[in-house]
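Both complexes shown next keep chain A, but they swap its partner, so chain B is in the first and chain C is in the second.
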Partner chain A sequence: MEAALRPPVVDTTAFGWARRRLFATPVDTIVTLCFGAVVVWVALRIVDWTLISALWSLEDGQTCRDAAGACWAVIEARGRLILFGLYPYEEHWRSTLACLAIVATMALSCVPWFWSLKRLPALWIGGFVTFVVLMHGGVFGLSVVTTEQWGGLSLTVFIFCSVAVIGMPMSIGLALARRSKLPVVRHVTSVFIDLFRSVPLLTILFTAAVVIPLTVPDWAQGDKLGRVIFAFAIFFACYQAEIIRSGMQAIPPGQEEAAAALGMKYWSRVFDILLPQAFRNSLPATINQFVITFKETSIVTIIGFFEIMASANAAVGTGEWGAQYVEVYFFVGAVYFLFVFGLSRYGAYLEKRARLTHA
Partner chain B sequence: MKTILKNSRTRNRFIQGTVLVVTLGILLTFVLTTRHNLLEQGIATGFGFLERSTGWPINFSLFEVTANSPYADILLAGLLNTLLVGVLGISLATVIGVIVGLMRISDNFVLNLVGTTFVEVFRNVPLILQVFVWYAVLTHLPSPRQAISVFDVGYISNRGLIVPSLDMSALDIILFFIGLGLAGYAIAAAGKTNETLKRHAWSAFGAVCIVLFLILLFSGRSADAPLVNIPELRGLRFVGGIAIKPEFTALLFSIAVFGGAYVGEIVRGGFLSVDKGKIEAARGLGMTAFMVNRFVRIPLAVRAILPALTNQFIWLMKATTLGIAIGYPDYFMIVSTSINQSGQTIELIALLMAGFLLINYVLGFTMNWINKRLALKGQAS
Partner chain C sequence: MPDPVIQLIGVTKSFGPIQVLRGIDLKVGLGEKVVICGQSGSGKSTTIRCINRLEAHDGGRIIVDGVELTDDLDALDEIRREVGMVFQRFNLFPHLTVRENCALPQIRVRGTSRADAEANAMAQLDRMRIADQAAKHPDELSGGQQQRVAIARALCMEPKIMLFDEPTSALDPEMIGEVLDCMVGLARGGMTMVCVTHEMGFARSVADRVVFMGDGMILEAATPDDFFERPQAQETKDFLSKIMAH
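Then we have the complex of A and B:
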């Protein structure tokens, strides 16, 4: 009998890595050199533009034209408009605190200790009450600021959180209704979900803002922001419901049958057997949905809300800073990137955690 | 009451009845309130307004639309605009996506880095922000007088990209594509019985393509008109050629790049999902690297990619509605302007939804058809 072949030796030194990943074949070497040169050049240009040649603030008589790179003075001059929108200038501290409160709530609900049916709702109710009291005022001697004047980053974060918090329970309900044994419930939900999923979000938000006042009795209308958030939440729920449903379908039917055979009631089966597993199965898709939703909050710009995208446009809309659009959009893009990248990193951590605890 | 509801059959009927009554009740409230409100505003319901002329022009359409055109025409122009930017955007996104996806699975570290950076940057920034950025870049280009010339036949300025045009009408172009479709179908059908034709199917298709193009180019034109219309700067604007508006270009770029980042991830996932054992088995059978890719890896990856791609395409098609942010007259923008101008809210919203349902349905149907044709034969699902 021949001796078994030894496993191939992998050179783990830096030199070995370079030979494997950079210069494996002649073609690889050419590609590495060409693309490498372009990458280095672009990286240097970006560093030069954003940092080295950039102008950080304007001294007397200086203008942005003098800068060879970015002119970050525009953020200094227009930053407040971008971050707070139309919110009254003297009250900006309230908007800041409200934004911090809701971001803190988001961060806390990422901690596993809060994941229970009592703690999570309590946390979110607390977070929202703090936010609305600070933003809207009218109590504790704070002046009233109507929702039309809300704007900037806090509005973006508020829309996102409300959509997620209203949409999540709704999506569970829709997912359960769609796999119900009762034909009427199943069909009505199916039509509802498919209808919402097949039209663009912008259409739905537009309908909520403009058409609903025509079709719904006065007492049920609420204000424009509330209507738009509610419509957005339904849209989110229809997508999320399908994600949860596919997570449920991945669970072997024997599990629910076994639970039923043990005499567990419907709601106990749903909350103790079905949903925990369905959530774990659909975790990557759910995080992806959150990421998409955060980015799509920017669409409300079009129907006249002054969240961070709209306020950025307003900041460069005036002639004075018109040429600095690159810096402003760069800034806003960085804000979105921060939130979205954070969300997706957290998602990756959750997936790893789920794999470790339930291998 | 409680004892009655304990019987599961009665309870089920009760639940279903309630759901039905509540649903119908909500719908009825909508209809009645709307009727009441419309009557109050003195707006006549119905689709009669489609024949009235609009009184407002649009700045971009595939066929001639003026302020005197009826609503039906302008809505059709909007729908075609959506399809134009959507189909082109999706095609470009697919090309970019395949390149980026392949970069990300390559062994070369530099290619990896470029692909990953591209995906992370363009996927993590909202599409509407990208639309605004491209639009700002395009409208900050030099004015027509200082336009950047491309070999003196095309010009880049803040009025858009001006390129030479062929002496063909929109009808010619439509006829061209219809002709191509028919020719492709005929060649495919004839190839089933004729071996020679089957072997040279692509060459035959190419020949038909060229002949058809030449016929349409030379037919129905006046003798003195030039074949190719080259743009020229006269005073403050360009004469001749076709101007590709910055609104269109900005929307197209953003959809192509944003979509490309998503498609790239789908492509990468598809290739990674191919079972390693199958690749090793193919190598073990003595296949060359090219054969492994051509007959094993790519066919399997494509089958994994297609379903996810369908959803992405439909999503991108819906994303064209963002054109309204920079004034590209897509279907949504036309509908919302029409609502403002005519007040026929309900009918127009219904048309809007119907338009998107139709687009989604056609796109989904086509992709599913391709998917079914490609699916591995002899497998259950």
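Then we have the complex of A and C:
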């Protein structure tokens, strides 16, 4: 009789793993060593440049030319300009608080407790009012700072949040209209979406910033920043509407039939049955769209807004710090990374949560 | 026959060029149990889907509980409140727990308070012997359990009439029994039922009348005894010999 087959012995130590995965054949060994060397060399260079050889602040008589690595003194000297743009120096505390208020609103709206048709709008109205009161002033003894002077990180975050908060409900409306039973509604929506998607964002923002003042009477123009945000939101909504629609199309028709057979009316079918499932289906694409939008806010530079990218450019625009553009972009890159990485992690959390609650 | 709660008079329906219903006449009395059977494509599912207007009929008249089905949405809502439906593919809402599946429609349609809706949900789930699964999501349940939840969900709306559209066709064989048991229990309780099914044992023991459809028409309608022992139409005989062969 044959002896029972024993399970193969697998060396599960780190050493065993490395031998199986990295050094199994001579070619494997060579490839591993080459890539290992490259990775180590790059990592050492980065650590050396950013930390070991870096100059953190300038002593008497020192200049950045003395630094063998990064010269972070530029952040100390120009950090305010990068973070606040043209915002008046003495009022920077207001911009800081405003930025914190909007970031806190963002963070709170990630908490499931706030996800209701009453709480979420209330939260965002509160957040935006706080932001505008702090930034614009003119009440509670705060001096007026017009939107032309807004800038830096708080402007970036404000544009992003406004675009998302105005754009999301719009995108839901567009997605629903595009699958309407009424042919006129369906076709008009579809042409509208295709129109905005086929035009570059820059063109749309230029139209909002420059063309509208020439063609629309003064009283209807509103603020330039407001117009730009609204145009940006429409652009965002057209893309997001298609994402939500794809999420709806993935829902089996039996879902709506079952809801209809139970006597649920259109709005209840949409808000209780369709949209929650559509959002879950389209979650990765939605997070993607948010990330793209956050980074695309830098495009408003071109029509004269000093968001963080523009103020970073201005910070190294003077001869004194002109050579330190790498450090400044590194810093701005880190700020973007913080937000975008946060968004991605939050997206991953939502996906996990959806799996746990059995999407 | 007692007063009919469902009346179909010369109902016709086409999907594009294909006519699926060619003049259906059917009356179902209060408390009556009608089983509709026939080959696939004979129009039996379309017939019951017309009763709560998941499909709109093209011609003829459909009167449910004294209200005629038209484009009038208010009348339709009234009818859908009285008519429960169970689907082949269960169609539970996957993002809601079993309890919420049963409670939410009551809250939205009947304006029931959440506490009452959940109490009623638990009572109906208990009646279907599935109350212990109330906190789970549908995809954690077996097909048979899901279908029993679907029946409980429909019952929560306190319908006068229950429509079943092949409720056991998507189930593994060992789960068919538990669903049929629940349906038999419901029938004994006096519910008016119209049931599209291939379960001939169920038809024989529960139905007051068996309706046989073919090619968009009713070919034969008889008591179960007559239908199974003395079928009249040739198509019925062929169908029965095929279905009884194994």
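For this structure, a couple of remarks:
Convention: the second predicted complex is superposed on the first by the 342 of 359 C-alpha atoms of A that agree within 3 Å, B and C clash if a C-alpha of one lies under 4 Å from a C-alpha of the other, contacts with A are read in each partner's own complex, and residues count from 1 in each chain.
Note that in this section contacts are C-beta pairs under 8 Å (C-beta built on N, C-alpha and C of every residue); 3 or more make two chains touch, one makes a residue touch a chain.
None of these values were measured; they are calculated from a predicted model.
When the two structures are aligned on the shared chain, A:L83 is found in touch with neither chain B nor chain C. In the superposition on chain A, A:V211 makes contact with chain B only, not with chain C.
Contacts of A:L275 after superposition: neither chain B nor chain C is touched. Of the two partner chains, chain C is the only one that A:A260 touches; chain B does not reach it. In the overlay built on the shared chain, the residue A:P252 is in contact with chain C alone; chain B does not reach it.
Partner chain A is touched in their complex by these residues of chain C: 52, 54, 77, 80-81, 83-85, 87, 89, 91-95, 104-105, 108-109, 137-140, 150, 153-154, 157.
Interface residues of chain A facing chain B in the complex, by the touch rule stated above, are 20-22, 24, 28, 31-32, 35-36, 39, 181-185, 188, 195, 198-203, 206-207, 210-211, 214-217, 291, 295-296, 298-299, 301-302, 309, 313, 316, 323, 325-326, 329, 332-333, 336-337, 340-341, 344. Across the interface of their complex, chain A is touched by residues 12, 15-16, 19-20, 23, 29-30, 33-34, 37-38, 107-111, 113-114, 120-121, 124-129, 132-133, 136, 140, 318-319, 321-322, 324-325, 332, 336, 339, 345-346, 349, 352-353, 356-357, 360 of chain B. Contacts from chain A toward chain C in the complex involve residues 252, 254-255, 257-265, 268, 272-273, 276-277, 280, 357-359.
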